[in-house]
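Working notes, structure below.
Letters A, B and C name the chains as they come in the text, with residue numbers starting at 1 for each one.
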Amino acid sequence: MILSSNIEAVLFWKGEAVSLKDLAHFFEIDVAAVETALNDLGNSLEHRGLSLVRNGDEVMLYTAPEASELIKKLTKEELAREVSKAGVEVLSLIMYRGPISKRDIDYIRGVNSNYIVRNLLVRGLIERVESRDNRSFIYQPTFELLAHLGISKKEDLPEYDIVQKDVETFTSAQADK
Amino acid sequence: MILSSNIEAVLFWKGEAVSLKDLAHFFEIDVAAVETALNDLGNSLEHRGLSLVRNGDEVMLYTAPEASELIKKLTKEELAREVSKAGVEVLSLIMYRGPISKRDIDYIRGVNSNYIVRNLLVRGLIERVESRDNRSFIYQPTFELLAHLGISKKEDLPEYDIVQKDVETFTSAQADK
Amino acid sequence: MAFEITTEQFQGPFDLLLDLIEKRKFFINEISLAKVTDDFISYIQTQENFPMGESASFILVAATLLLIKSKSLLPHLELTTEEQGDMKSLETRLAIYQRIREAGKVIEEKFGKTILFAPAERKFSETVFSPGSITSQHIFESVKKIIAQIPKVEQLPKVVVQKVISLEEMIERLTIRVEKSLKMSFRDFAGHDKSEKIHVIVGFLAMLELVKRGIIQAEQKGSFDEIEIESPEIGVPRYT
């Protein structure tokens, strides 16, 4: 069986997010080879009932967006359909600027975001991880958030690159002054 | 999306055997049409990491037979792994506060615990029971876990009463707000 | 379990400020910020029941807006490096905020419409009891840690409190500086059509005073110096 199918089996069995590093380790190959195989898998899932969602360095299998309405009808669980206006602001910041510290979230919003951040954490829409220097926490989108937006990676948001670039421009313009 | 893909999504999402009759009912078609779609699905899964397992009048999605060695290895690695820090956290809440709902676990931890709870279930450390009102699931430690820890009931845990009081103080303080 | 605090319909000072700017179809720059300063402050004054944390952030922004407005009326007004930094960064933050808020519309629109579903709890995986090396002690230490991390009833961050307190001083200092600058300006404007400009400045000082009173009434209730400036003949903004 080819690598992409083997990876599919592993992801299916795990039923949760798996890091590319762990996949590379498990199959005793390098991360670049995993990337290629994941690309193949993504392609082979087109028009199928499943989709491959990528969040940072992790991947996970989900149902395809086309099956959304169907499963919404079947599920008995209460689905989270709405986020408050402030929640949307914080989600948007984390999607486009994440990973981002709470300090920076507050700075851009001009107001303390403790309650909202905690609420989004509890709902599983964002997660807190240690920053690379291990000295502070940063926030990033979760698989759950991507899944609720029906996208398989954050770059699938409309105008993702443009928004990124715009914000960069503002930030560097400030630094120049 | 074509019927076979929709069925794939439903089977993936359910993660258990589903009867052809139920599928026919979901999709509002007759069983013969389900049979045809399942045939299509079986064909499209060839060379992929998943396969359709048929047992009498039920079908389920499972890893492909070719991946069985792989899955054995994966299972072994998984079980040999230590419970993660987050896993111990959730476990400790379930031990001291169980039976407890996932919602309450998330709320006290300030973070979503979906995948951790699932992992603890797979490892047989906790079990899921229906809450009294039958409307949600609650979690409690398994007998095996208590035996492993050398205690006969959860009240034997260190400082059981004090911890109860501490958590309750928090919960009521939050409720006051 | 409700965590959201809302201040009328505004999610924070930038949300309000941006609405004021966009309503007038302005771009974000010092000129437009100076123009919406009065509206911004009068909004704060109509809000009586601000939660403490929220009002602090609104007042902080008001302080920077006042600096921007002072500077636009009195180019001679000397500003510290920090103040200049605050003024510049307000523009930048607002620009980023505007873009992010705009981008958020897509998120709001998409959220919950099309949902990708994760697999339900697997019933096919056989449970094999595998506790690793967990002991009661681990469990106990872990639960203690959780209890220690439970957020206590939210306290207003100390930094913000300090800044709010210094806002009162800030307005006093600003008033003194404006007066000083005004004396200088008398010389500068000699021979020019000074009456008009002076009226603007006097009006502005009166506005500062009103602002100060308003903020103190709303938040501080402390003592404040009386600076009696009256300028009935020009359009002093009224906040009461």
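Everything that follows uses one rule, which is that a contact is a pair of C-beta atoms (placed from the backbone, for glycine too) under 8 Å apart; a residue touches a chain by one contact, two chains touch by 3 or more.
The model shown is predicted, which means the values in this text are computed figures rather than measured ones.
If each chain is drawn as a node and touching chains are joined, the picture has every node linked to every other.
Chain A has the Cα centre that lies closest to the mean of all protein Cα atoms in view. Per-chain Cα centroids separate chain A from chain C by 31 Å. If you average the Cα atoms of chain B and of chain C, the two centres end up 45 Å apart. Chain A and chain B have CA centres that are 22 Å apart. Counting partner chains per residue, chain B shows two or more touched chains at residues 9, 12-13, 15, 107, 110, 114, 118. Chain contacts: chain C has residues 117-119, 122, 125, 151 touching two or more partner chains. Those residues of chain C that touch chain A in the complex are listed here as 3-6, 11-15, 17, 53-54, 57, 60-61, 88-89, 91-93, 95-97, 99-101, 103-104, 106-108, 110-119, 122, 125, 151, 154, 157, 160. Taken together, the chain B residues at the contact with chain A in this complex read 1-2, 4-13, 15, 26, 44, 47-50, 61, 63-64, 66-67, 70-71, 73-74, 77, 106-107, 110-112, 114-115, 118-119.
Across the complex, chain C is touched by residues 12-13, 15-16, 51, 53, 60-65, 67-68, 71-72, 75, 79-89, 91-93, 95-97, 107-112, 114-116, 118-119, 143-144, 146-152, 157-159, 163, 166-167, 170-171, 173-174, 177 of chain A. Here chain C touches chain B in the complex through residues 1, 117-125, 127-140, 142-147, 149-153, going by the rule given at the top.
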